[in-house]
Structure formats: C-alpha cells, structure tokens
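Each of the next two complexes has chain A plus one other chain: chain B in the first, chain C in the second.
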Partner chain A sequence: MSEIIKNPRNGCALHGALKTVQEIKGAVPVIHANAGCGVINYFAGKASSGGSSRYSGYSVPGTAIQDRHVIFGGASRLREQIKNTIKVVNGDLYVILNSCESAMVGDDVDAMTREIVDQGEPVVDTLVAGFNGGEHYGYEHVLADILSSIDGVKKSEKNTDPKLVNIFGIIPGKDPYWQGNLEEIKRILEGFGLRVNTFFGPYGGVDDLVNAKNAALTIAFSKWGELPAEKLKEKYDIPVLLRPSLPVGAEQLRSLADSIAGSIDIDKDEVDKFLAKEEAYERDLLYRAREDIIENDLSATAVLVGDEEQVIRLGAFLTEVLGMEIYAAVITDLLKKDEEHKSDNIEFLKNIAGNIYITSDQKEIEDIIRSEKPEVIFGSSLEKKIADKFDIPIIETSYPVFEKLILNKASAGIKGEISFIEEYVTVAKKFKAEKKSKLLSYIKGEGRESSAETSQTVRNVRKLSLVTG
Partner chain B sequence: MSFKDDRKALTREKRLSSLSHFNGTLEALIDEVSGADIKQKIRTFSQIHSDEIIYAFDVLSKIEDAAIVVNGAAGCASIGLSGSDPEFGWYGTELVERDTILGGDQKLREAVLRAYEEKHPKAAFIIGTPVVAINNDDINSVILELEDELDIPIISIYTDGFKTKNPVSGYDIVTHSILKYLVDSNADEKEDFINVVSFSESIEDIAAVVKILNALDIEYRVIPRFSVIDEIRSISRAKATIVLNPEEGEYLAKELEEVYKVPYIVSEPPIGYRGTKKFIRKIADFLNITNKADRYIEEAEGELSKSIKKDLLKGQKIFIDASLSKIPAYSRLIDNLGGEIIGIGAPFVDLENRKNLMKLDFISRGTNVVIGNGQYFEKANTIAKQKADIYVSQYPGSSFAIDEGACVVSVGGRTTYGFDGVRSIYNAFVQVFRSKAKLGSGENSIYKNNWKSKSGNWYVKQEVS
Partner chain C sequence: MAEKIGKHIAIYGKGGIGKSTTTSNISAALAEAGYRVIQIGCDPKSDSTNTLRGNNYLPTVLDSLREGNKIHLEDISVKGFSGVLCIESGGPVPGVGCAGRGINAAVTLLQELHLFEEFKPDFVLYDVLGDVVCGGFAVPIRDGITDRAYVVSSSDFMALYAANNLFKAINKYAPSGGAKLGGVIANSMKPGYHREIVEDFVEKTGTSIAGYVNRSIDVQQSELYGKTVIEAKPKSAQADIYRELAKYIARNDDLVIPNPMGVAELKEWARTWGDRIYDIENGVVGLAEAI
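Take a look at the complex of A and B:
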C-alpha cells in the first residue's frame, strides 16, 4: 500500500478525539493547536450525515496558536485559555486536546492541567498529535486518558452495580449510523435486564464517564473499544468482553446474550422472553419484505468498503440472511504500523469475503472494485463515482455519507436490520426503475449508444429478465 | 508597487495591518483604525476558526484541471471531504512521527508524481501545513527536481496555519502564486472578455452575477474558482477586471492593473438594490453600454419591487455577521425594510476595507461591533444583551444564536447577489417570521450567564510585542 493517500476519508488523532469529546454531553473540548485544525474536522463532518453537536465547529474553544507560540512555546497561552474557558462556557468536564504543534514544540501541557486541577476544576488532557495516528487512534486514546484521570477530577465512591455495562468501540461520526446504533444496542441490553453507559448521544454524558468504574462488565464492539476497556480493567478490575462488531438480527442477539452470560449474571428467563419478542418482530417484518428481496435481485455479489467493525457486522448479515456473495471486503480503518490490539478479527473477515484488503486510498479501492466486478457496492459516498461508472447500485453504509441526515436510524440490532433492508430495497428499486427507462429509450432507438455500452445494456437486460422471469 | 517578485505573499497583518480582534462601538472602531497603521490585539479566550490553509484549499480545489497535494499529517488532507463531491480527487502525504523527525520530502515527491500520473493536471499545487512549516521541510528542492521531470508548473502554497490570524491571507497566497507562476506575461493584445474575480462566493451568487452579465451580453471569465488553468493564464489579456468581494479579490485586480494594464473596475459587492445597481452601472460605464444597463435595471427592479413589502422588518433588532465589505449593503437593505441594526460582526478590518465603516453613517455610532473570525461567544454576548430578534449570518454554525433568543437567517447557502439576491434575502426574512420554530432556548446556551453579563470586550487585549 502506498503511504500517500488519494482522497483520504480518515481524519487524524486530534479529529477522532474531537469527534469523541464533542459527543459526550457536558464535556467541552479545548483544542491546543492552530486555529484551523479542529475546523477541518468540522467541515469534513458537516459534509457528512450526522448533524452537529453542541460544541462543534466555531463554538469549540481553542488556543488558535500563532507564530510566537511555536517559537517561544504555547504553554502560557494554554494556561490563559483553560482559565478563561471555565469562565465563559458551561461544562462538567474540560478536555484539552493537544496537537502536532504542541507535541513538536514540547509544551508542558501536563503542568498546565495539574495547576488548574489543583484549583478543583474538572480538567483532563490528552496528546493526540495528528502524526501519531488517525481518528480511530484518537477515539481510543482520548477515552483511555479521560478514564485514567477522571477519578482525580470528579471524585466519587466506587459502588459496583452488577447490572451496569459500559459499551465502547463505536466511533461517533465514523459510523454514519452511530447514534441510532447506540440507541438500539442500549434498547437490546436493557431488554436483557441490564443498565448501560452509552457515554455518547442523548442518553450518554459525563456522568457515564464517572460511573464507568461501577460497571460489572465492559463490552468493546470493535477493536477500537479495547484500549478504554482495558484501562478500566487495569484500574478497577472490570472484566472485558471483546466482540468483533455490533450484532445484526435476532440470531446474533442471542450470541451476544450468551457471551454476556458467560461474564456476568443475567436473568435467563428475562433474556429469553425478550429475544422471543425480537425474533417474532424480525420474522414479521422480514416476511413483509421477502417479496421485495426476491424480486429485486438482492442476493447479488458485492464489494464491501468500510471500517472493520462495519464490514464484519454487515458482511455477516448479507451473507447469512440475504445469501449474498461478498467478493471483497475493503477495510478503511487507519492503522498504525505496529498493531497494538489483542483483537484479531481476520477469521471473521475470511468467513465473510473472498478477498480482504486494507486501504483507504480511493484509487486502490476503485481498482479493487474494477477487478472484482461486483453487482452491488456497500461503501461510502466516495465510491459513488466508480458505481456510476460501472452502472451498479451503491448502498451508502460507511463514512462519509454525503447529502443525507442520519440521526436515529440504525444499521445494527433488529431495528437496524430492518432499516438496512429498507435502504437496500429502495436503492435496488430505484436502480431498476432507471434501468427500465434506459431500456425503453433503447428499444425506441433514442440516443443510440456506442456498441460497448449497448452490449453492456443487453447483458443487463438478460440479467433483469432472469429475475423477473 | 507590485508584489509579484517577492518570494512569498505577505500576511494581511504585514501588508495591510489587518486586525482580527476587536469588540466595541462602531465609533471606537473607526477611531481605532483611522491611523497609518492598525495596532494588533489578541483574545485571551478564543474559539477555533478557519485558517488560511482551509481558504487556500477551497479555492484551489475548484480549479478543474489542477492537482492538489496536501502536505501534512493524516487529518490535514481530510479537508477535501468538505466539498461533498465524489468526483473530486486530491492527495495527502499523511506524514507520521518519523517524517516529523527525518523530513517528509520523499513522500511529497511521491505524491506529486502520483498526482501527475493519475490526473494529468495542467498544474499541481502543494499546500503547506503546520508540521511541514515547523519542520522546515525543503519543498523547493522537490519542486525544482520534479519540474525538470514533468512538464507542468508545480507550485508551493506557503500556508502554515499559524503565521496569520486572517484566513483571507490564504486567498492572497493563492493570488500571489497565480500571478507569479501561471499568468501569461505576454499581455499586450487584449481580448474581448472581463475577469470576474471570486474567492468565496457560492455557486448561487456567481450564477446571479452571470445572469446579469448574460443579460448585458458581456463576455466573462470567472476566476480563480470554477476555472481552468488556461483561463487563469489568460487573465492578463482581459479588457477589465471586476471583483465580487473587494476585500478578498482586490489584491489580484490591482496587480493585474499595475503589471498587465488590465483596468480594475472598482465596485462593491452587488447586494441589495443600491449595491446591485452600482455594480451594474460601474461595468456599464466602463463598457459604454449605459442605456442597455439602465433598461435592464429598470425592468428587473420594477418586477422585484412588486413583491417587496417595505416595512417587513419594522421593530426588529438585527445583528448582521458578514464580510466587512458586504456589511454596508446588508445594513442598508435591512434599514430599507424597516429593521434596526444593533450589532455587527465581521472577520477583520484592514487599511483597505476600513472605508466600509464610513458608509455606515445611517446607523448609530454606538452599535456594537465584533471583529473576529467566528468568536461566537462575543456575538452571543451582544445578541443576549441587546435582545436581538434576528441574527443574519453568512457563516456556518449560525444556529448558536437561537439559544441566545434570536431567530437565524442564514444567507451563506442562498443567492445574495443581484436583484435575485434581494428577493432571496427578503424571502429568508419572510420564512423566519413564518417558522419562529422552537429549535432551542436559553437553557441550551453553551455560554455562562456570568459571561453574558460581562462587557463583550473582556477578553480582547492590546498585543504586547
């Protein structure tokens, strides 16, 4: 893989940390960088689908460092900024995010933080220089750093709740459906009789960070949840359950329930009752959709492009439930050279796809699609161009998704399974309708196509005929 | 004096004493900026804002046949996602820690070569970022070597993110590069078109201007955004230049006039009745098509006036946040519709655009002015204190004002130029009255009440050098 990236879809560690902190209700990010670093994350995110949080864009406090801070050091500017941030903006926890500049200049950020913490203010800091890693790295490190320090700035007694679980691994913004997915996984775990620290979204907040130590279990739903989970294990001896992805469909819900039961006590009857209801609901709606699934050629061949968790989650469902064949899976997580995670999900991936690639380079992704020749693509809006070129449908499932607003729509659990089928059928129907109108023009002899295009269209006619009989 | 031979463009602060930090009355600001230079200030609390890297990237990414390499750490190049355009291709050198120690020259070389091979561009731009600037990477050696190998101009854009407080410096850096490396110096023979200089205008606003030019049968080339390299090369052969927002594009127009004798038709942004008419008449006078222009104005204005109610904004207190060169036109339009300006926000004031302050003679000299990129906490302070009814803004992130009790009219994504713009802005006001949607409340404000009871200039201090 080339180190140069065409159309990079991943931001840096600072962006990942900012995405993370700004989605925790009550947490205020304070960026110690030049003025525009955080704004790049804002503009990139704004073009995508998640809406804006309270502390986003131009509302985020930041030192906006200048020449003199690069030359003489920016620690005193940071001290002034922290002190004044506490006076101007409301917050329960202030998180200082350090950048490439402060790392290169060598600002003593720890000293500045200690000084203000000694005054009883809830401030923590983290070093997330962009050259240290990507957004995924920023997510895991800022959470681990907050969880390491929060006890010192938000004092409370440890009081373990045997039904409380922490969930990590879903990066806000990087999963376009993160908000709906968190709500759905919360609903499911509550259905199992558990209480959940979601940390993010409307049900999360700084209180969850404080309460994290009281949980009986931490579930990491991707390898990016491993570091914060391990941090809690190291500090508070909370067991960790590593899952390769969020569950989709009732069968995977049952597998999740089983593995939780292996770690903590859950009421088996309550779980069974809940799962029976979910299964009935799933059956009912799949029944409604099955005609559309059959008539619209959904069991096609595909290439999946997205972060590892999304690929595993979606891939398992597409192959097992819809009977698709995944020619290739393209993993877009920005990895470091030295892999630091325990989780190794290669076996899961091998079960899903014929070929597995790791790259976020647009040209490489397009080359893969070109050589694999799938009938459908599941990827980001960046794959639209190649989908249009080969005249195949694309279902946007990974970051970035342009021209959409996705707030509580899920792509995991049972609700996510159903809304995913809705989306896939919608795209397939629209694609088919467009094809029909092209074919109509073709048989009317309008706008004669070149011979290559014509033969492509004829091939597609044959394919459509097979499905429609 | 031409700046073309300088190695780099000067920052706005150095060239025009640009001030990006001020909070006070209109009168105090006029006083502050009326000398031969303007004293710098700082903020001891600040919020993040766009920098010159983002502005430069935005312009260059809209030149169709250019290739762009963002030379920086992983996140810097993700700015390319902001255009929501799957067709657009750009490259990031994605520097890692090792490159910050040993230099990233090799990666840059590789990136430019890749961009050349894959895109076959007419020119390649290398956008600088903080890591490269701090590390002092030798970009020029890479360029010299590659220019020998490839037959296109490879241009270093000297942006670093921390040497200027004014992101508009990014436009100046692009301007300087265009003039130095692209524009055809053989410009004696003029051709039958005018340059339309646009750096930040939305496609809607450019379309509104093009509509006017088409109605008057004027040949034009929009540059540098939405152009191609060959069009940029030809700007020295234009018969004149107009600039849609003078505080952004005047640098280019003046240089073209001085170096290539392309007359600069000095005008104002075509906003509101008066702004639009002035804009059209300036061009018409230069081209000797006054009668034709008058007929067009009469017709367009007559049609528009039928649907405009003069007292739409009666009793409404309005905070307007826009480029200083657009503030007089917006303010006059609001004033004509019966509204009262109670606050003004603008990103910067410098020795050139300060003249706009004197055009505000129809509003109170005691009106609060916030000079700053973003810095919404100070705008929130004014909006809350003055109990503004409407916050009009051309910038993203304007929804914060809802939590301070104001309705928001966002003009950033709609047509604001020309007679079409008058109708569109008017409709935005009509909509805001119609909706008055419950999209927030004071409880949602991210700012402490204690801050909003303080003087708005609390965190603005004189810079001690």
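Take a look at the complex of A and C:
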C-alpha cells in the first residue's frame, strides 16, 4: 500500500493550501492541526529559495491541538483560536485550514465557521487533510473552496468586466520563479489590453478573490488551475481556457493571444502592436547572446525534472528554440489515481521527450538520469549530487533551489526566456572554466597526491578531450 | 511492558448483551472469594461499575483529564462491593471527538498513575464497549494491556457476529503480543436450542465456552437496587452461576487464538441454523436429531 519516497519535493495538501493562503495579501491562514503540521512547511520553505512568506515561521495562527482535543473534539479550541486571531491579526479574510486530525476526529468545522460568520466576521474553511492529497491538491482545493464561499462573507454586486481575466495554475512557492512569472504574465496580458486578477504576490490580494466573479475569462496555466477555474464557471458561467503551461518566447505569446481571442473579444491591432514590440525585443537580445549560445554548445542532450507545467514550458523552448534533444522528462507533480482533471497533456509531453517518467523519488530520478546519460540536467537542487557525480552541468529550474534567493526573476514569457538564456549560458561558461582550470592544474602536476581527486580529473580530461575532439 | 501485576482481562461483546452486568458479577464474586479486584469501565457511557457502587457518582478519568487539573487516583476511583476498585474511563459527548483515542488515553493515564503498583490487584477487568469498531476500541487487547479477553454473547446472530469480529481483532493482534481468547460467556440462556447454537459457533471458530448464564429475573431485580446479584441475592442460584463463572475465569489459563469465520461462511452457517430452528419450532424433527 505505502512505499517510501526518498526526499520528496512535495508537501501535503495542508502545506499547499498554506503556501497559497500565505501569498494572498489580506488573507490570514488559521491552521486547525497539531503544531507540527504548519512548522514542517516552514522548514521546507526555509531550506528553499523563495524567502519568507507572510505569517511565516512559528507565527502562523493555529490551534496546535493536543490529545484532549482529539478525544473531546477540537471545535471549541478552534472557536477560541479564530476569535483570538481576529483580535490580534488584521485581515480581510480568515481561512481555516483543516488537517488530518480534524478530519479524523470529525470536528464540525462548518458549523463553527457559520457561527463566526453570523457574527459578521469574514471566515471560510477548507478541508486539506494530508491524506487527501499533496501540495498541488491543497492549492486547487483551497482556492476552489474560497471562491465558492467568499460571496457569502464578502458581499458585492456582480459586474462583469469584459477585459478582466483570472489566472490560475501558478502555485506560489512551488515554482521558484512563481512571482516573476506572475508579474510577467500580467505584463503580457495587459499588453493584450486586458486587466488581470493575479491573486498572489504584491499585485494580488483578497480583492482579486472577491472580483474573480466579474472576470470575462479564466485562464488556467497548468492542470492545477483547472478546479478553481471550473468552480467559477459553475457558479458564474465564466468561460475557462485551459493551457498546458505558461508561454515562453514570442511565438508562444502569439498562440496564447490567438486562443484568448477564441474566447473573448480582444483588440487585434493592440495585440499585434504589442507582439511586434516583444518580438523585436526578443530578437535583439537573443542576437546579442548568439555567440555565447554557439560557443558554449547549448544544443546538448538533456533530462528535464519538474512539475508537468515546467517540463512542458521549458521542454518546448529547449527543443524548438535551442534545438536540444530531451532524452527524458521526469514529472514530479503526481496525480492521485482518483483525481480527475480534464487536461490531458500527454501529447505535449510526447512531443518533448523521448521517455516520460512520473516520480518524485530522488533515488528513482537519479536512476533515470544514470540510465539516460544526458549532457545537461534541468531540475532542482536535489539533482545536483548526481550532476556532480557525472560531471555534467545542472540548471536549477524547479523546486527546491537551495543556494539562491529568487524574488521576482521570471522563467516564462519574454523576460523569463531571456533570463533563462542568461542562466543557462552562465552555468555552461562556469562549468567550462572549471574544467579548464582542473585540466591546467593536472598538467602542472598539482593535486596528484590525492589519488581520488586525480582519478576524477583524469576522467574529466578524457571527457573534455572527447568534447573538443 | 514491565511485569504485569495481576491478571488483566478484557470483556467484549455486542452492545446491550450484558457485558457490564456479567463483568460486575464476576468482579463481585472474585472479591467475595478474597481476591483484590479492579474493574475499569472502558465506555463513554460510564455505567460499567454502577451495580458495584450502588449507583453513586464517580468522576471519570477523562472528565478529570478534560478539566486539565492534576489527577490523583483517589479522585477517579472508588471502592465498591467487597472492596472492588471501580474506575470509569468516560469519554466525549456522543457525536464529538474520538472515543477510541479517549479509552487509549485513559488506560495510559492509569498506568502513569501507577494504579497497579499501588493497588496490587489479583484481577483487573476491562469492560469494553460494544463491537470493535475501529483501532481505538481494540486498544485493551493490543499493546499488551490485557493478556486475555472474554466475549459475552447470546445465541442471537448479531451477538455472534460481534463475537466473530472480536475474534478477527484477536487473530490480528495476538501474534504481536496482543491478548488471546479465554472463552465465550454464553449469556441470557433460555431453554431450547440456544446453547446448541453457541456451542456450534465455538466449535466452528476453535474456541470454548467459559460458562452459561441463564436469563434471570434476579439480574434485573438486583440491577434496580443498584447491586450485583452476588450482593443483592447471595443465596440465589443465579449468584452461584456467577461464582462458578468467576472461578473458571480465575483458574483458566487455556488461552487460544480463534479462527474467525469469513463473512460468507458466517452467513452460510447462520442460514443452516435458520433452517434448523424453523424445523424445530415447527416440530419437523426432534431437537435431538437436529443436533
């Protein structure tokens, strides 16, 4: 029934929901769980590249339930905690996140929420027990639950704005570049003459959640955006556009614009003008990078490791623009067997990679890399060890990234495309330089005392001579 | 676990089958015979020891735990008939919280309070509620808390079904140190085929009968006085039945791991008995031939 996953890169549903709520300005999470549940998420996040979110660390409001709350029920402890939280933390919306414990004990959280809502407080609740699913499940369910109950606690008229779009599917904290990507996709959609509910980060907030019903279209940029998008469709009849991934490069921007035009009215001239500008910008910078791209031999063979959206986005770019060959793609956002999603992106994946694997187990991923023998890896810091072992470069594109701070750098759109090229060339150059210095020191006879190091250098030299012919 | 002080016996059985009545009478009979006895009611209803202590108020272990004060053994135990130490685990109000976890926590707390070291019992009887519905209720037969379980059953199918479920739990936990089965206590026996049904059941499941307890008006009467039969009607035949049963349980070290029937097998077994009873009631064949 159960198996061990080595170094899993996904937390539980509660963690996904917590990450999500933490990044909505004005929303306050209240965890109904034992103390450890929230803290694990904190430690996992801390080790990674995204900085600290709002209410991070030990300061997330929570019930910290104990044995007696399991025995006698934790509902009254929750009531106390919500009241205290409202007193000490200013918020526009309080979101109760229910864990495994509250689900198993069967606390009547709905009744508790109704009671507090009746007193005029904006509170919603959601069940994101870890046994229900992983982090991605937590993201889609907390959003869907908030969107289905927010009307009851934050009343407003529905007033459809024909230029307003909702965007979902970019999970805060789960893509190291989520913030930059949100900003970039917002910039692009605004370039098309649209207005955007981003929900997360400095431009988002509870207002976006309230306004979501006024949008003319919802775009889901990964399968994880589907559920909240469908919820809005069901409640407010807002059409849904399902995209397998964020766009990267001008050509994909055009395809996005075309598919949006298929759903709502956008000003064709405005879009064309914007795209022409973007294309010129892209051409200009790629042209400037041309020698670096050629000299550093970027068109190598690769293995890609990441969530499905990242793999599709990056894979299409690497194969189509850089002409790389992707031996294998490893998809790390696992679907549970009984989870239904409309999006079926297997055709996209087949066009990208020779072999497709689905796992988030570090050992399995290492075995895949070992057998595929790529010249470069695009993945997370967890793949660094195997990259070092095989002496190949690794470009960190998916969660977790350990030795960096990434705030608003993008990996999608045009800006993301350019900074991805920067990153790739930088890693390749550094890798080459290190090899060269290793070779030089070997020739000069340094470090020959250490036999382990020598044999490593000899291997490097052999590989290098193969590369240089 | 440390060396066990006394014999620890869990009593299971379908709801309302007579667990508390039978357990209390066994406790009373053992105490009367000079043994040191503790009876722990593992049931949120907290009515297990009523007839041992004349229905007097006794705060439950979990009531004290809920209040969060420091708990002393004196606060949650009282001596009843013949010095039987009465304890009720208690539990959450119906529909809230987790009673299974509650029983688990109460038993753990009693161990932490060194109940057994202090009282030095010869026998500890755990009167466990209803069917084994989830892991929480199997706690007394798991983890080495008790080493033997008895199940109270009548000849009714649902009572035997519950007994069979308990057998499944024992079967699962006994190999890793859980309790084994001491036997089936056949309760509410009336004249007719009732004994035969239970006897057939124990034979099929590789178990045995610890004793037969008749259905008797003495039991109900004593209960109304807030007493066990042993206390209220010490000279009655029913009191002697309980004394016999207590003696058997005190001596019996013949513990088994039962072979529970599968669901289909149990249904099939019940069906054949259904046919036989029909025939008996309608005088198609005589009882002797039916068996």
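Going forward, the second predicted complex is superposed on the first by the 440 of 469 C-alpha atoms of A that agree within 3 Å, B and C clash if a C-alpha of one lies under 4 Å from a C-alpha of the other, contacts with A are read in each partner's own complex, and residues count from 1 in each chain.
Note that in this section a contact is a pair of C-beta atoms (placed from the backbone, for glycine too) under 8 Å apart; a residue touches a chain by one contact, two chains touch by 3 or more.
The structure presented is a predicted model; accordingly, all values stated were derived computationally and were not measured.
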- Message: Looking at A:67 after the superposition, I want to know if it touches chain B, chain C, both of them or none. Which is it: first, second, both, neither?
- Response: both
- Task: Pick one for A:41: touches chain B only (first), chain C only (second), both, or neither.
- Result: first
- Query: Thinking of the overlay built on chain A, is A:75 touched by chain B (first), by chain C (second), by both, or by neither?
  - Reply: second
- Task: Using the touch definition from the top, say if A:84 reaches chain B (first), chain C (second), both or neither.
- Result: first
- Does chain B (first) or chain C (second) touch A:131, or do both, or does neither? first
- Which holds for A:105: it touches chain B only (first), chain C only (second), both, or neither? both
- Message: Contacts for A:26 in the overlay, against chain B (first) and chain C (second): which applies, first, second, both or neither?
- Response: neither
- Message: Looking only at contacts as defined up top, I'd like to know whether chain B or chain C touches more of chain A.
- Response: B
- Query: Which residues of chain A are in contact with chain B in one complex and with chain C in the other?
  - Reply: 67, 69-70, 104-105
- Touching residues on chain A, where the partner in the complex is chain B: 2-15, 31, 33-44, 46-48, 52, 54-67, 69-70, 80-81, 84-85, 87-90, 99-101, 104-105, 129-135, 334, 337, 362-363, 381-385, 400, 402-403
- Query: For the complex, which residues does chain A have touching chain C?
  - Reply: 67-75, 104-108
- Message: Under the stated contact criterion, what part of chain B meets chain A in this complex?
- Response: 44-54, 72-97, 99-100, 107, 110-111, 114, 118, 130-131, 134-135, 160-163, 165, 167, 373-377, 395-397, 399-400, 444-448, 450-451, 459
- Task: Write out the stretch or stretches of chain C touching chain A in their complex.
- Result: 62, 65-66, 68, 91-93, 96-99, 101-102, 105
